[in-house]
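The structure's right below; bear with me while I get my questions together.
Going in written order, the chains are labelled A, B, C and D, and every chain counts its residues from 1.
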Amino acid sequence: MILMLFSLVFFSLSMLTALFTNKKIWLFSMVAASFLGIAAATKILINPINNTINIPWHIPLGNFSIEIDALSAIFILLICLFAPLYAIYGQSYLNHSDKKQLTIFYPLLIISMLFVVMAKNGFLFLLSWEIMSIAGYFLITFEDDEHSLKSGFIYLVATNIGMLFLLPFFLLLGNNNLDFQCLSGNSLIFLLGFIGFSTKAGVFPFHGWLPKAHPVAPSHVSALLSGVMIKMGIYGILRMIILLNEPQIIWGYICIVLGVFSALIGIFSALSQKELKTILAYSSIENIGIILLAIGLTIIGKSKDLPILTILALTATIFHIINHALFKGLLFLGAGAISKATQIKNINLLGGLHKKLPLLSGLFLIGVMSMTAMPLFNGFIGEFFLLLASLKGLLLGDFFAIIPLLSLCFIAALCFMLFSSVYSIIFLGEERSSFKLSKIPSPMLRIMGIIALLCTLFGTLPFVLFPIIKKAVFLFLPNVDIATLQESKTTLYKLSISFSIFFLVLMTLLLIRHQILKNRKIVITSTWGCGYDKITAKMQYNFSSFVQPIAFLFQKFFFHFSNHNLKDLFPKEENFLITPFDFLTKYFYKPLMEKLLLISEKTKKIQHGRTQFYIFYIFLTLVFLLLWKGQ
Amino acid sequence: MLLSLVYLPLIAGIIIFFITNSIVRRFLFILMAILHFMFTMYLTFFNKNAMGNNWFNLDPLGVLFLLITSTLFLGCAIYGLVYLKNEGKTKLEWEESLLFKNIPEAFFLGLLLLFLATTTLVTISRHFGIIWIAMEATTLCTAPLIYFHRSSSSLEATWKYLLICSVGIALAFLGNLFLAAASSWGEEPFLIDNLLKCKNFNIPLLKISFLFFFVGYGTKMGLFPMHTWLPDAHSEAPSIVSALLSGTLLNCAFLSLLRSYQVLSAVNLASFAQDIFLLFGLLSLLFTAFMLLNQKNYKRMLAYSSVENMGILSLGMGLGGNAIFAVMLHTAGHSLIKGALFLTSGHFLSIYKTKLINEISGALKLIPLSAIIWLFGFFALIGTPPSLLFTSKLLLIKEAILHHNILTICIFLFSLGLIFFGMAKVFFQMTQGKANVVLLEKPKKLDTAFLTISQLIFLFIVIFSGMYFAPVLENLFIQAAKVLGG
Amino acid sequence: MNNFSYFLMIVIMLINFILIASNNLRNCIKIVAFQGALNGLLSLFFPGENLTLTTIIISTITFLLKGLFFPMFLFYALKKVAIGKEIKHLIGYKTSLLISLLALVLSFFLAYHLFAPSQISFFIITASVFTTFIGLFIIISRVKAIMQVLGYLVLENGIALFSFAFLIHQPLLVEIGILLDVFVAVFVMGITIFYINKEFDHINTHKLSQLKD
Amino acid sequence: MIAILHFFLALFVSPLLFGIINKIKALFAGRKGPPILQLYYTLFKLWQKSRVYSKTTTSIFQFAPFVSLTCVICATLIVPFAGQKALLSFSGDLILFIYLLAFSRFSIILSALDTGSSFEGMGASREVSFSIFTEITLLLSFTVCAIKAQTLSLSGIYTYFSLQMLHPTLLLIGLALIIVLLTESCRIPIDDPNTHLELTMIHEVMVLDHSSTELGIIFYTAYLKLWLFISLVTGLFLPTLSFFLKEFYSLGAIVLLTSIIGIIESVMARFRFIKIFDFILTGLALAFFAFVLQVVGIL
């Protein structure tokens, strides 16, 4: 625990270094703090002794009680792993702009996230939760232009609405000084907490702010936001499940249904976007949906008392949390590198970057492959265990588990389509528009390299993470016997065996290829255009044409087709456009806003300026009070 | 000895009318503010048994409000020095008229001191009649202050303020009389201590007296149907006056209302009063929630947020029990933050020369210190955790959950959400983005220091006590709440 | 003795009706002054009253203040502002009569609720509450700023009637304080009327509605 | 030991199936048709040819076929043959099987889009759109078998089922799997393998620009994938016989199924592009119907 305190001290030290400008100390304190944090978390994970601090805090409702148990240790590892990496990336990404805003609020965000994860008292939790949101706001509106201010504002409103639900939640949850206490499952408390936490996590009805806020922030900040900060909402939900220790089955169904909705919304809106970072933001919503499916299954397992199902679903949740943070971070950093190199946001104008930036395209390919859950990479593990958990659920007779099974398969296929086309449109083929390419500073690539290495490591050797999962399982199911745990351990080993076989076969084939093709003549010609030799770069498939078959099927819900006007015999120039159509804003948020503004126009009538009427109001209230309360 | 708190500012105010040299005048003004503050600190913390007789005596409730008044006045005085220096530069066309021969600044400072005297009188007096006189006197002192800028709209605001508040106060006096009638003419029927002791009350008369009190002092306090003068007066008055109006005047009206609530709860009629408080609290919360949605003028917006916070106070009184302690916290927190915000809005006005929100942007680049205060003030006012208002908001909801009235919680949270939506747009649009006004000359270091020092202290108090609640402060609030049965 | 006080109260109530009816500014000022004077007298002739020194001083001060000084000041203001004699009201004559009757019924209802009709205080409450409501109604329905000041004065008369009649005797200082407050209130309103007239060169308060949301 | 034999059997005999299909099509058209071993000859020929690359392609274009071949080879490790356990079997290997197929498809698509030609882009986008629904049908049919066999590994499923336990749900799953087979290996109702108009091709257009060894590798992956799917379908309907009889029976069933595919090809024409989605969705409906029957538990 002392290590943790030291890491907090170092983080706050880095905040103070913002006052004088040299960056070296800022970076050094960030890295040192994260190492201390990782050391503390691993020590706690190995033997959880003296991991609580309890100081009476002279506040009407709160007292300063922190405790690191297995769940918070996992999240501490997550935070302390990414904080230094993104800090170093950010240095070179923002080419040493000395704006104070980042140096102050970045460490503040990290500290508040650490406190959120460790807090055992409602007041402390809310305090750090709010500071986290405010720090996030100032990081989002870093560019200070009109667009980022608007999305930062929507972000703040969403967090505030979440806060409104969390207040009564913590008051109901804690006893008179808001300390967390285990309660029997009470649906009202669950609903309040669930809505409060899902506004931060970006679940279906409250996801509106996420695709607006993340693309606007600088890439390493949006990587931190969608990689780590969204997980605070998930952490809240998990902590709530531990606290309400007899969950009802209906909660599981709610989680699953909302998970399916947010995944579908995320993936379909991503298919109709133009900018890479908005696509990545929408895919974060989709991954949050997948994590929610896993959480739903854990709740069902826990309430129906099926330990195997709970263990598998819990492994799926934790694997996906860690892996999503990894590959989403890698992709966002990649997006930042692309926008830094080409200064172009619309992916339909890019193309052929692989030839000029081979290293960046290689790293981005690893990110894409783990995003689309390709077997050798870490995205696959999370989805594998989720499918396994839902299959096990079906086997054990809970037939509601077919919904996560089918929806995950459908979403994984769509995500496959999305990211395979995004990668190939940006990096492969011809350049769709002429853009001047600037060099990417090497520290950025080195950071991406480290994360890509971690992705492949956790992908091919998943059992590395198993001890962490074991500790978390004990937290959720205190009296689980080791045998059931053994089964998922063997699956992990078998998985890594099959991956190594895959690797062996690939190596042999490549060796054979090298032998055969060593002295073969190579002829370079232009691509086959079935006889038409004047092929231009514009004739290539771009993102919206790639998505057209699926968009055609789901036209009414998520996509808006530009209408064709091929009227006359020889139609002149025609263009085809898919624009995103967000039915939630159209049918829910916009009418709600119009109604509120309408009512506010009406209430403005009361303040119409004539003194006589004002005194008439006083007279009216007097008469009303006399009649109402006079007797 | 206690009355000297009132006599000193009174005499100084009258003297200032006749001093022509502005340096001496300002020095006397600042001296008086510091003296008053030191004396109150001495009274609150070091000398518990106040020296007053049963007419003028300091009970814990009065001490709390006195402390808020004098701290706020000191802050405004410090801000006022530089403000008046700048204000003096802008040439005011001033023609001869009936009485106001001397230059307006003397008139302004004198009336401010009179205002201080009358507000202190309200906090220390134990006699309903004297409370009434002091409230009426505050109205009359502030009316000309609102007219300080001599514009037609400020004249209209003064007229409305004068008329509505005088009518309200007159009704409050009727309440006084009903109260005396209810206590069947015991000797000295207006002294609170006698009223608390006298048991055989004519209950219907007492209820009607509370109704008149509620309408009378409610107008002065700015609860929903009777708040109409508040936005005009606050947006037209100079920033010091509107800070004092929001910070101290509304509190004094609230204090006098609490005095009559004290009498009622002694005869355990508290539930009768609590329903009224609850209803009007919720009404003003809902009303201001919708009014704040798209405001054009940032001073009017601050005025509406004062109406909203007064709504929260009366909501807290409506809940009773532990919520009364929260109400005390909320009054202190709200007055300090609102004072700081109004003073900063004055600084914004002097730089950007406009009250419209969409003509102001990029304050962080132009006047960084005030913009930071503006943002922190916003976060404190909305009740983000480190600020005192968050603790009071939490305690209020806890009390409401205890009483199981779900409707209050829903309306309370719904209007808080709407208010955040309405105000956040304004505060962030003004501070961030590109600066659209170029500063003529670099402001002197000393000027900006004076213009921001008091706000910084206020915000520091509120945010620090949100984090760590000093025990000495805490039992001050607990005593005040105990007086009202909290 | 007490039927004389009944007589005074009835006269005060009648004055209220006359005030509603009249639309000449000068007459209104005279009527309100007369009502104030009657108020002063009432405290002297109230039944069961041992004439202490304070009551005499108070009633003479109110008599002088409301009977002489206020009308003089308002006449001076009228001359300075030099506005037309007749005034148009926001609410027509017939409806204002109806409303004043309604106010009478409301005050009877309130008084009936509080005291048995036999007691003297029943009648006092009706008279004072009725005058207060009429004062409020005048402020609400009249356009000219001076009429609103007069409405405020009638309101004060109603409240003073209540205090004098109920013989609630606060110490001299407090009584004088209250009267001083009323005096300063009217004085400041007068000053503001001068400025309104100078600024807007009319004093129709219903036109003063520039400040709205 | 047997599993290794089956693995190598799959590796060497899979091109034969296409030979059979071409032979049957030729018989229907009344002509003699190419010899059954013709595909072996083309493979061997392609291995010798020199390489022709377009200037827009990068290294991905050259390595993608090999990655997709490795995926399919690993998939064969998991698929059991003739009622025997597969080389590699653990609970949840059916999920790995589906994702390995997805990985091989991923590499082919990347290489197609690398060439930058609009035909290959169109082929890739169509391939992906179909694969969305075929994956779900495949997963759903595996789940139904898993629920029935109460195990989560493919070998467990295929050792459990036999002809005696013929069951309406099994028939439905068989049909669904056949539809998946036809789409995955791009046979006639979905895509015409030997058409010359690039606009109508799906699978072939993706490999338009490949040459020599890469083209051979891609053809070979297609043959192996067809073998996998056919063994998956026939595996469900094997009678419980002695070991040797079962081997021959399953080989006969495989030849039978390939000839049925050949017949389908020569009898039907290619569907219009929109109609293909309805065809695949009928497969999905069949699988879902089987699942509902299984859940309701009447049969």
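FYI, a contact is a pair of C-beta atoms (placed from the backbone, for glycine too) under 8 Å apart; a residue touches a chain by one contact, two chains touch by 3 or more.
Remember, it's a predicted structure, so these values are computed and weren't measured experimentally.
The minimum number of touch steps separating subunit A from subunit D is 1. Distances from each chain's CA mean to the overall CA mean are smallest for chain A. Taking each chain's centre as the mean of its CA atoms, D is the chain most distant from subunit C.
Chain pairs B-C and A-C differ in how many C-beta pairs they share in contact, with the greater number at B-C.
We define each chain's centre as the mean of its Cα atoms; on that basis subunit B and subunit D are separated by 80 Å.
Our note on geometry: subunit B versus subunit C, Cα centroid distance of 31 Å, whole angstroms. Subunit A and subunit C have CA centres that are 71 Å apart. Rounded to whole angstrom, the centroid-to-centroid distance between subunit C and subunit D, based on C-alpha atoms, equals 101 Å.
Counting partner chains per residue, subunit D has no residue touching two or more of them.
Within subunit A, residues 604, 607, 611, 615, 618, 626, 630-631 each touch two or more of the remaining chains.
Counting partner chains per residue, subunit B shows two or more touched chains at residues 159-160, 163, 167, 171, 204, 208, 231, 291. Across the assembly, chains come into contact as A-B, A-C, A-D, B-C. Chain contact summary for the complex, subunit A toward subunit C: residues 604, 607-613, 615-616, 618-619, 623, 626, 630-631. Here subunit D touches subunit A in the complex through residues 47, 50-60, 63, 66-67, 69-71, 73-74, 77-78, 88, 90-93, 95-96, 98-100, 102-103, 106, 109-110, 113-119, 121-122, 124-126, 128-129, 131-132, 135-136, 139-140, 143, 146-147, 150, 152, 198, 208-209, 212-213, 277, 291, 295, going by the rule given at the top. Within the complex formed with subunit B, the residues of subunit A that make contact are 57-61, 123, 126-127, 129-131, 134, 141, 144-146, 149, 152-153, 156-157, 160-161, 164, 167-168, 171-172, 596-597, 599-600, 603-604, 606-607, 611, 614-615, 617-618, 620-622, 625-626, 629-631.
Those residues of subunit C whose C-beta lies close enough to touch subunit B in the complex are 110, 113-114, 121, 128, 132, 136, 139, 145, 148, 152, 155-156, 159, 162-163, 166-168, 170, 174, 177-178, 180-181, 184-185, 188-189, 191-192, 194-196, 199-200, 205, 208, 210-211, 213. By the touch criterion stated above, subunit B contacts subunit C in their complex at residues 97-99, 127, 129-130, 132-133, 136-137, 139-140, 143-144, 147, 152-153, 155-160, 162-163, 166-167, 170-171, 173-174, 177, 180-181, 185, 189-190, 202, 204-205, 208, 231-232, 235-236, 291, 295, 300.
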